[in-house]
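Each structure below appears as structure tokens.
Presented sequentially are two complexes of subunit A, the first with subunit B as partner and the second with subunit C.
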Partner chain A sequence: MTDQASQFVSATIHGQMGQERVLFWRHIVSWGGWTQIAKWAGLIVILLTYIPLVWLAVMSFSERPLSGMPYPITIEHYAALMADKAWREPLLESVIMGLIVGAVCMVVATAVGRAIPRMIRPGGVLLLALSPLFVPALTMGAALFIFLREYLDLRLGLWSIFIAHIVWALPFSLLLVLVIATRFDLRLLEAASDLGASTWRRFWDIEFPILRPGIIGAGLFGFLLSFNELLRSIFLRGSETTMPLYNWTMAASHQSQVPIIFALATVILAITLPLMAVFFWLLFARLDRST
Partner chain B sequence: MTEQNNADSFGSSGPILEIRDVTHRFGEVVAVDNISIQAQQGEFLTILGESGSGKTTLLRVISGLETPSTLGALRIAGEDVSNTPASDRNCTTVFQHYALFPHMAVGENVAYGLKVRGVPLGEREERSRDALELVRLGDKYDRRVHQLSGGERQRVALARALVTRPAILLLDEPLGALDEKLRLDMQVELLELHSKLGMTFVYITHSQEEALTMSDRVILMRQGQIVQEGPPRDLFDRPASRFVADFMGVENLLNGVVLESNGEITTVRMGEHTVKGRWSGKTTPVPDQPICVCVRAERVKFAEGSGDEPNRISCKPGATIYKGKYLDQTLETDVGMVNARIWDGDFSLDTVSHVWWHENDCVIVPSDKSSESVN
Partner chain C sequence: MNNIQEIEGPRGLKGWYTNMMSAGWVVPTFVATWICIVVIPLVIMVYFSFLDVRYYEVYYDEPSFKIWWSIIESGRWMAVTRTLRITATLTIIQLLIAFPFALWLAKGCQSKGVKASIITLLTIPFFLDASSRIIVWRPILGTNGVINTVLMDLGIINQPMEWMLFSEFAVHFGMLAPYFPTMVFPIFLVLTLIDDEYIQASRDLGASPGQTLFHVILPLSLPGIVAGVVFTMVPLMAAFVEPGMLGGGFVNVLGDSIEAALRNLKYPTAAAMSTLVMILLALLLVVLVVISRRRGALGNIFQTMKR
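For the complex of A and B:
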């Protein structure tokens, strides 16, 4: 048996059974079960994603959310949420922060994303611009904190949270613009000039509409990443409280506030998920139609 | 020269396009080397050359998409445009790659030039529909660009460039991406458009066949310079150098030296043979000058046994290639391979012992080294 096995191995290594090996792999690749595996794996991932979310929403209507029992149903947590004013300022702060970060990301990512494909050697700039993606959140937060607070001795606040969020969100936004900008045919701009368009006109009429899915994606991603950002904000908050900071504090403190968090998380989910849906529609459905 | 300038200042009777002393370099490479060109109103001017000859660069200089390294003068319809951006020049381009805007419908593409000129919507649409009608795409106004075939995209690009009624239409190998049949149809269509519109066409191509069929005048370029210019018949029948003869598709290019010449009829020696032909070089031939004897395959005739045909050279039949309408026949001679064309499928080569050609069908040009030193 062992002999047979070693024979097989040496035969394979020496290529005597090359034909069998090719057939073996061809057999594996063409196995009908792959489709089934892909289908089930996909389904499991989807379930793992959405069951907890739905469960959270269901539990927000439960009298005792931490008990794990949906019954008896109540809307008292939502009533409490409405009565409670403590979360409103963090939410407003996060929404405004997200809007500003989204807008800034949109503009900067568009400018940089258009410039990079026009460079003769874009490699270095690309690497510098995208490497923040790989810097761990705590490292980035701590580094910014040490630099701004300890070294420059500045008073932290919304502005430092803003900086941290930009550093975090911009590479993603840039990627989204680049995906489309690198495929953009610069010769279209020459054609537009040739037909009489000024530099501004040809950007507005030709380049912007074609890049639009990427630009809108950049803005939406900027907003969502800022809106959900926690780890960097912990370092750079000063005395400010954003929505994730508020949730985190509340959830961590085992207070009576917890049921409200369920309701609040559900509300936020109800806002963010449709936003994501719109984003994907813009990025993919619209893109498909325009090319 | 003074007359010329006066005419230009009135902007009516001068050439519609005038370029003087333009040079363009890409780093070390000289793409366009001190060229001057003129085109008359309504002319179909073809700039012919192989890839890398600088013809596209020249076109981009005219359209303003390329700023030349040095420029003597550049006038379109009498107006100095040497410092005018591409968007303000009275000419439009049909690009080889069409460059249609993918996010716009066909009609919007065509109307774009009018839109940026502030033409009101109604007129814009009317004129765009007319332009599409002109290229026989009247029913495609609302189509998306990606729904069109290659030939249709080509026509949209043409309509888009025509709709603003430019003084000059620049065409950059517009038929290059089309298949054979479509290309021939489009040649005819472009010619019809040209005569219908009376617009000046500057047409770039690498195909001598396109140049011959369509142009009033051909400029043949090589390595950034003009090698020869004139009516298609001139380039075809009277090439001025071996390069031109070769580019214009002369199949037989045989080397020899000049014996004597009366300026027109020139006698040359090729190996053992003495051959007569018409001199076509730019300079006067001198004895012992190395030359090239150019004979088109369809002008090569066959002879048997002894005879007194001119330019007789003994031969042995070589390979035969079937070309459908005719046969391509190679013949081995002691001055090299000679190509002949046989139109009669039943023709027998068995008794053929010589090839010959009329001296009027034989053009003699300086061989390339001397012709280049002239340039």
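For the complex of A and C:
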């Protein structure tokens, strides 16, 4: 189609709009620079996530991490970190909590995720299961605190942190399993049962291999979301301290302890960041290739 | 999923029961647990907002609107409007940056490696510890922070710019990056589901890029935009770690008030304000659903999900 014809079409579509105005807007919209602006604006915001992480690592070697320039350079905060024992228990607590939440998420998300698509009307249950995603962390934390501590008069501790973490992480894990489970062809199971496979064999030999990426993702999301959960833990901690709680208390308190959490956060990031980067990159690259 | 879904079961209480049990005992057990740890706590919280507290004891007799009135009368109303303003500003900024970026990522970015890398970079922030990455903005933005030090050494400014930290600017700035992925992802997912042939057809019929954008791409991506706005606004409405650390006590938001009320054992006040957050979010959700239904976009959600 010639340029003139397309101008005619757009002018007729816009009826009352004068042709010059149409031309003007077409000129603005079809300017090639918008793509570059769109791309770089987004990339700059992404950079704003990672610059603080780099700066965190740089400042952990500075004598005064809360002042401007990373000078003079020192490793004394790392030495202090090694000598200090206060952070070890929170770290251990968070790792164990993350592993338990991850395992529970993996099992529950698999069981529920493969059951929901088989329901006659799954909508209501699905909405209920995903409802915590629409409740702000603070509200959920406050609600659970009021219910467990004040209404039921229970002693809060690791178990209440665990409940809060499950409420937070399970919807994500469930979504991951559901994405794959909804595509799963139930006729495969019928075929297997016709061929004489037991219930367990049908699950283990046919369903599990197909659902595996979702199940592994569910466990990983459970661990990571629990390991970094702060907002709900603040209310449900009782007298316990997890790693994010420890960091939060130290960061919020304007104490001399702040340099230590710079070093500690750097160490944790140095371990987790490359692992996450490799894992997610492999996951997304593979997903992209399979579609 | 589809062929089973099409068989409609009986309605009513019996239908509900049949539906619940249609996939074994797993779903009923899960629903019961979820009601106990999600629904009941939220209901109890709403109930608490009508109770009264005297001498640090919650009184269960004579529920009233007393706490609700006290929120309106005391200065806490200011925190509510401030929270709404910050949330609205940030959501609009996020949307304006995220939509074009998602469009570029879904349709413009040709290299699969670049795409996978960017998605990875957008995923990782979900799993980063909040406080350590926020506290580091202090030595960057502060009066003797790196930006002020460099600018003063270069002679561009004579006095440190004090507005950069412990201000509303710092709160907005600090919350820009953490809540960006929640806006990009839903829009990106919906955009990837738009068939390239629609865009090609629109072009073949003589539509300008602008017309294709406003009459084809935008209506089709409305479900993703609604989801992005909701998932960004939900955490923003209740954020208090960022405003606390970067606002330095000058930016008092709803989240601070709730946290402080709980710490001071004023449970009904905290409950009322948390309920308020829920009400505001529910109103927003209703408005968004009405808007998108008017544009026929809600049907698109199910269309895209079926594929």
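The rule is simple: the second predicted complex is superposed on the first by the 235 of 291 C-alpha atoms of A that agree within 3 Å, B and C clash if a C-alpha of one lies under 4 Å from a C-alpha of the other, contacts with A are read in each partner's own complex, and residues count from 1 in each chain.
Just so it is clear, a residue touches a chain if its C-beta (ideal position, glycine included) is under 8 Å from a C-beta of that chain, and two chains touch if they have at least 3 such contacts.
In this text, all values refer to a predicted model and were calculated from it rather than measured experimentally.
Judged by the touch definition given at the top, the superposed model places A:T139 against subunit C, while subunit B stays out of reach. When both complexes are overlaid on chain A, the residue A:R201 reaches subunit B alone and has no touch with subunit C.
Judged by the touch definition given at the top, the superposed model places A:L154 against neither subunit B nor subunit C. Set side by side, subunit B and subunit C differ in how many residues of subunit A they touch, and the one touching more is C. In the superposition on chain A, A:I210 makes contact with subunit B only, not with subunit C. By the touch criterion defined above, A:I271 reaches neither subunit B nor subunit C. Contact with neither subunit B nor subunit C is seen for A:A79 once the two complexes are overlaid on the shared chain.
In the superposition on chain A, the residues of subunit A contacted by subunit B and by subunit C do not overlap at all. Residues of subunit C touching subunit A in their complex: 1, 4-5, 7-9, 18-20, 22-24, 26-27, 30-31, 34-35, 37-42, 44-45, 48, 58, 97-98, 100-105, 108-109, 112-113, 115-140, 142, 144-146, 148-149, 176-178, 180, 184, 204-211, 213, 230-231, 234-235, 237-238, 240-241, 244-245, 255, 258-259, 262, 267, 270-271, 274, 277-278, 281, 285. Note for the complex: subunit B touches subunit A at residues 63-65, 85-88, 92-93, 95, 97, 99-103, 112-113, 115-117, 146, 160-161, 164. Against subunit C, in their complex, subunit A makes its touches with residues 1, 5-6, 8-10, 13, 22, 25-26, 28-30, 34-35, 37-39, 41-43, 45-46, 48-53, 55-56, 59, 65-69, 108, 111-112, 115-122, 124-125, 128-129, 131-140, 142-148, 150-151, 163, 166-167, 182-183, 186, 224-225, 227-228, 230-231, 234-235, 243-244, 247-248, 250-252, 258, 261-262, 264-265, 268-269, 272-273, 276-277, 280-281, 284-285, 288-289.
Taken together, the subunit A residues at the contact with subunit B in this complex read 185, 187-188, 190-198, 201, 205-206, 209-210, 290-291.
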